[in-house]
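For clarity, chains are labelled A, B, C and D in written order, and residue numbers in each chain start from 1.
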Amino acid sequence: MPHSTSAPPLGVGMVGYAFMGAAHSQGWRTVARAFDLPLTPVLAAVCGRDPAAVSQAADRLGWAAAETDWRALIARDDVSLVDICTPGDSHADIAIAALEAGKHVLCEKPLANTVAEAEAMAQAARAAAERGQLAMVGFNYRRVPALALARRLIAEGRVGTLRHVRVSYLQDWGEDPALPLVWRLRKDKAGSGALGDLGAHIVDLAQYLSGELLTGVSAQTETFVKERALPGGKAGQTGEVTVDDAAVFTGRLASGALTSFEVSRLAAGRKNQLRIELNGAAGSVAFDLERLNELEFHDHTLPASEGGFRRILATEADHPYLEGWWPPGHGLGYEHTFTHQARDLVLAIASGTQPEPTFDDGLQVQRVLAAIEESAQKNAVFTPVPAPE
Amino acid sequence: MPHSTSAPPLGVGMVGYAFMGAAHSQGWRTVARAFDLPLTPVLAAVCGRDPAAVSQAADRLGWAAAETDWRALIARDDVSLVDICTPGDSHADIAIAALEAGKHVLCEKPLANTVAEAEAMAQAARAAAERGQLAMVGFNYRRVPALALARRLIAEGRVGTLRHVRVSYLQDWGEDPALPLVWRLRKDKAGSGALGDLGAHIVDLAQYLSGELLTGVSAQTETFVKERALPGGKAGQTGEVTVDDAAVFTGRLASGALTSFEVSRLAAGRKNQLRIELNGAAGSVAFDLERLNELEFHDHTLPASEGGFRRILATEADHPYLEGWWPPGHGLGYEHTFTHQARDLVLAIASGTQPEPTFDDGLQVQRVLAAIEESAQKNAVFTPVPAPE
Amino acid sequence: MPHSTSAPPLGVGMVGYAFMGAAHSQGWRTVARAFDLPLTPVLAAVCGRDPAAVSQAADRLGWAAAETDWRALIARDDVSLVDICTPGDSHADIAIAALEAGKHVLCEKPLANTVAEAEAMAQAARAAAERGQLAMVGFNYRRVPALALARRLIAEGRVGTLRHVRVSYLQDWGEDPALPLVWRLRKDKAGSGALGDLGAHIVDLAQYLSGELLTGVSAQTETFVKERALPGGKAGQTGEVTVDDAAVFTGRLASGALTSFEVSRLAAGRKNQLRIELNGAAGSVAFDLERLNELEFHDHTLPASEGGFRRILATEADHPYLEGWWPPGHGLGYEHTFTHQARDLVLAIASGTQPEPTFDDGLQVQRVLAAIEESAQKNAVFTPVPAPE
Amino acid sequence: MPHSTSAPPLGVGMVGYAFMGAAHSQGWRTVARAFDLPLTPVLAAVCGRDPAAVSQAADRLGWAAAETDWRALIARDDVSLVDICTPGDSHADIAIAALEAGKHVLCEKPLANTVAEAEAMAQAARAAAERGQLAMVGFNYRRVPALALARRLIAEGRVGTLRHVRVSYLQDWGEDPALPLVWRLRKDKAGSGALGDLGAHIVDLAQYLSGELLTGVSAQTETFVKERALPGGKAGQTGEVTVDDAAVFTGRLASGALTSFEVSRLAAGRKNQLRIELNGAAGSVAFDLERLNELEFHDHTLPASEGGFRRILATEADHPYLEGWWPPGHGLGYEHTFTHQARDLVLAIASGTQPEPTFDDGLQVQRVLAAIEESAQKNAVFTPVPAPE
């Protein structure tokens, strides 16, 4: 076993330090303690616009330096990898500049606010890859061990010819009438609402787990609460919510499998419930993010009298990512997905291989989101998703 | 407490004696033993085309006589109520004839195979009602105590302004490659596949529980297994499956609430899983038919620190239908829905009030099913459901 | 398939018509409708002390005649089988008289209020068996399909060398301070409290499922609420509760497996929760009566990465008792255990074979209960259970 | 909000670096990143006997220095707090020496291998407390947010007069026949088997949650697998397992509430399943460590028709410890208990208040374990637990 932390350093610079920044920091800070890595991530610098706040965040989250201009962060010699944790409207600018400056890039999802931005980013990533710079998009749920196990079972044929994928991702914070008009409710900052925030995750997961792409979608969206108090505004001052609160959509995978999707921020009692189930001729898998250490697997090749969904605790030593953690039954949490993401990216950089999901994968998800919005505007008519070039 | 079985008799004649006939028989046989009723159902006669088989069924299921012609059954003096348990292609003929002959009618769902048939039936029912004959359609799941309790909570405002209804009804018997081309797989007998069989149930439930009607739908359907062995055919002889195996559809309720639906006969490991969840501004309810004695209820008016879905065992004495049964925690089964259906119909007949769901309700579900099929043929475009007259 | 109801009649006479009487009636009324039987049970007569009440019960529950003296019931020519549903203090008298009169006997559990009574009953049953009369004790939970399936798996070696049996049976009706001093709370009528009522069930189940007998026990019991209002008494008048509210005990099976047991009537929120789990070297089974259609099975011979408790819906056609019922996933209820019990007893009578559980089995459970009470009085010291002769 | 990491340092020295050492390291490393603390833990030095291994562990786990003699670690100026993660046979020596050297001490559970050792440790802790050095024992499960929430609800009276506490802690790694005779299976190193390892946790939890002490116990223990291969021995060479594999015991709390306990390392399919339930006159709580973000709470003061166990996701901002973590529904894992433990200890040290659980609490648990072993040797007779002085 090589000594992980005597491995050469990999300088990381992070832009943004809110929820996602805190979660990514925990990943970078922890990854070399849990896994044997050929490179040791170093938390070189964090960037934000407010000097006092970013300095405080650097101190709190463990970053050696603070920057207030992301261009300065990118320019630092001690930064080899730029980790983008800002709202979607700045992803393209930062990612493209970082790649052009010869840095590796990890970009939070959704990749961008528009397909055009995502196309430019994907093109920049392809060009950078030829120069040895690697780009990855942060669909962290691929790194939940139970979902990585699901992918493994499906890749091994344990689900067989696919019939159905059904996914929902439900939260309820939007049901609070006192919630002000935060950036996630503004189209100019967030691009879309539940669709980009939650829908991007489940579109990616459905495609990743099935190993197939969506060929088209039919969608409806809704904004249930149309006005919210302006943050910092006077009493009674409100602004328009310009993104969706919820969406329902159906689709087709390349094999013809039927898919159904739902996202909402107004599903009372569902805090962060991402449920996904795939049914095939040989078996089924089911998962619930509120119980993230469990995968349910039904082996349809057993006699019916013995069949049934079995609850596999994805905490065995030979389950994905578990070599770094605790004995069986000692569960992991949400934040571990970021540690696993950091692990996979570091391994890819060290070996010079392309990490997944790629910016092209992120672009393809963006095209699905665009097709969803187009369908929603066209009376839910089935709207094809352009195939990747 | 009046003596239920010394109450005057109500002669019942049943057409069909397969799965539904056996379940209805259990309901008629049991209802006066569990509930105080002003009329006592008498199992007068059962009808089927094969003389030996129907005679055996009469003996086995407890019917006093057997008939081989449904017109003869209707004509019997000892039959006041005709209970129709045949495939959908004969519902209209039998129901209309029975109503015109002055009999009450209970008709299995879906009401008919086409909207035109359903319209004729609903018109016959309206005419018969004026003469005192009552008609009811057998959406038996309304009589699951936990779902009747859900309706009660919703009617009391415990869910509040509705945001979402999501329902799926999944089975897996279609995944068996050896399954022959039974009547349920033929459009001429069954009208449609999973849609009419399972979809009718969940469309009715979504509307019943919400207290709202669907204004339109967007749908995709699929027949995964397109050829099946012919029953009684030579080895290798197959016929075309002419109905859907599965459908996914989204819709809107009158209030604007978003709905999502899925039905399938090829969802490996799901035997008879009808799941329904409604989210509103004040709370949520969730239910799973595979655990039919349980209702999950989230009260969103509680502080978040105390909130959460609570598992109410719908077996308390003051829960719907429980006055007839066992102490708390002693669960009921699938078949009890038919006993409860019988109870409600007998009470309606005795008091001369219209039982629900009416044939008009059944017609409206039929229109939703037709809109689903139309949408599926038109690239999933959102297709309005005509409002009831 | 033979015609079940054209089979010769088997006249049944039932003593007692409260909760258990109603449940048994449902069993007798239904069994020949669901199963092919060589004899058809006929509900000949029911017996109770209050003439008006028993007459009403006969009418309601479907018994052809009513008797007010159990000796008269036994003497009836049309009664071949006496079904005893009274409190425990009268079991011995009725059962022994019935057996001596040449009748078959089904006796509710616990078999008796004392070991001495149970011994007399078992002796009477042995003597009667030689004359062709059969006796059975009503541990109905053996006839829950999921538990019968558990027994089948264990008998096939799927659990292997046994390590643990843990069982609890929890209710909460005793937590109601307004509950009066009903017969179940009086030692003279009920023999014991939760111990005889709930403990008898779980002692029988632990032994039945494991296929082993308890060799000894260590116990503590408690009466939490020591005074209750007298039924029909004046306001404020109370009487002493003379039975246990709850008991915890541990034991050993013949193989050395460790067992733990708990019964309570004051476990708030647990309505009728009988949980049982058996762990062995090859696998485990787990069951919860509040979800009685499900058996959880863990196959420990699978690789750990695929292991986990699988939820088998015990509703497949080849599961125990399911040949009489509905398609997969259409669940049964509590009352079906009585139908299955009736089925097994009828089959045994028709074939002249001894049904199980026998009165000797009931006696052995009684000895375990006596050892529990003795241990509880002796500071929980491990108290041997006498081996059956 | 003060700057946590600009707070003065608190030098930590850790002895032992296996499973517990890795988990504690993660706690020390993370705590100041998640919580605002008046002191910042610094990972000063780690200690182990093998120079190469401890040096590697220091590097991997993030400790600034390595020591091979725990006396040297204690003597270091940069170590103010000694964290003991060794097997139980060395706890007393290290803890007492550290306290006498003027260091704060955190000691893994069980506190010691014998009551005598624990008494000496508790006395040393009392003496040290007068000098300002604080000692705490590592019952980390008190710091699972859902269990801390359970304690809060119970302290607020939401469970009311207590009737029952039932707890089981089940694992299955002992079922592996290839498992060698590791230190946890040797009495000289581990003191006891499942009892000290798992039983210590559940005895502490039962007392902590109830707020009451056990007054006596009745117990049985068992070693199912009596011989195991010697680690590093020749093929076929085995040694005796000198500790228990499993134990069942019952007890009484001061209020008279009945308790039942079970621990096992041979419960096939249960990986790390600690289940605890408390029933009282006003309500109940239930918890399962395999779903550690959930607390089930039944409010028995609600009408029965609305009652039921509700699943509270213990991830709300006002739930215990959640101020440091993620939005609602983003679950935590096993390791977070060590971060929370570190938080509470740092806060206690900074404010000079006694942290809990104290060494006296650890001693009392040790006395319970001793009473369990004594009872098991004396035919399970109820054996009093000496009251704390």
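Just so it is clear, a contact is a pair of C-beta atoms (placed from the backbone, for glycine too) under 8 Å apart; a residue touches a chain by one contact, two chains touch by 3 or more.
Each chain and its UniProt protein: A, B, C, D = Dehydrogenase.
Please read these numbers as outputs of a predicted model, since none were measured by experiment.
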item: Chain A to chain D, fewest steps along touching chains; value: 1
item: A-B against A-C, pair bridged by the larger set of C-beta contacts; value: A-B
item: Maximum centroid distance from chain D, chain identifier (CA atoms); value: B
item: Averaged-CA centre spacing for the pair chain C and chain A, given as whole angstrom; value: 54
item: Centre distance in Å when chain B and chain C are each reduced to the mean of their C-alpha atoms; value: 35
item: Centre distance in Å when chain A and chain B are each reduced to the mean of their C-alpha atoms; value: 42
item: Chain D: positions in contact with at least two other chains; value: 270, 298, 307-309, 313, 328
item: Residues of chain D that touch chain C when the two form their complex; value: 163-164, 166, 168, 170, 172, 175, 218-220, 222, 224, 246-250, 252, 256, 258-260, 262, 264, 266-270, 279-284, 298, 300, 307-309, 379-382
item: Residues on chain D engaged by chain B in the complex (per definition of touch); value: 149, 297-298, 304-313, 316, 318-319, 328
item: Of all residues in chain D, those that touch chain A in their complex; value: 3-6, 19, 23, 25-26, 29-30, 32-33, 56, 59-62, 171, 173, 270-273, 289-293, 313, 315, 326-336
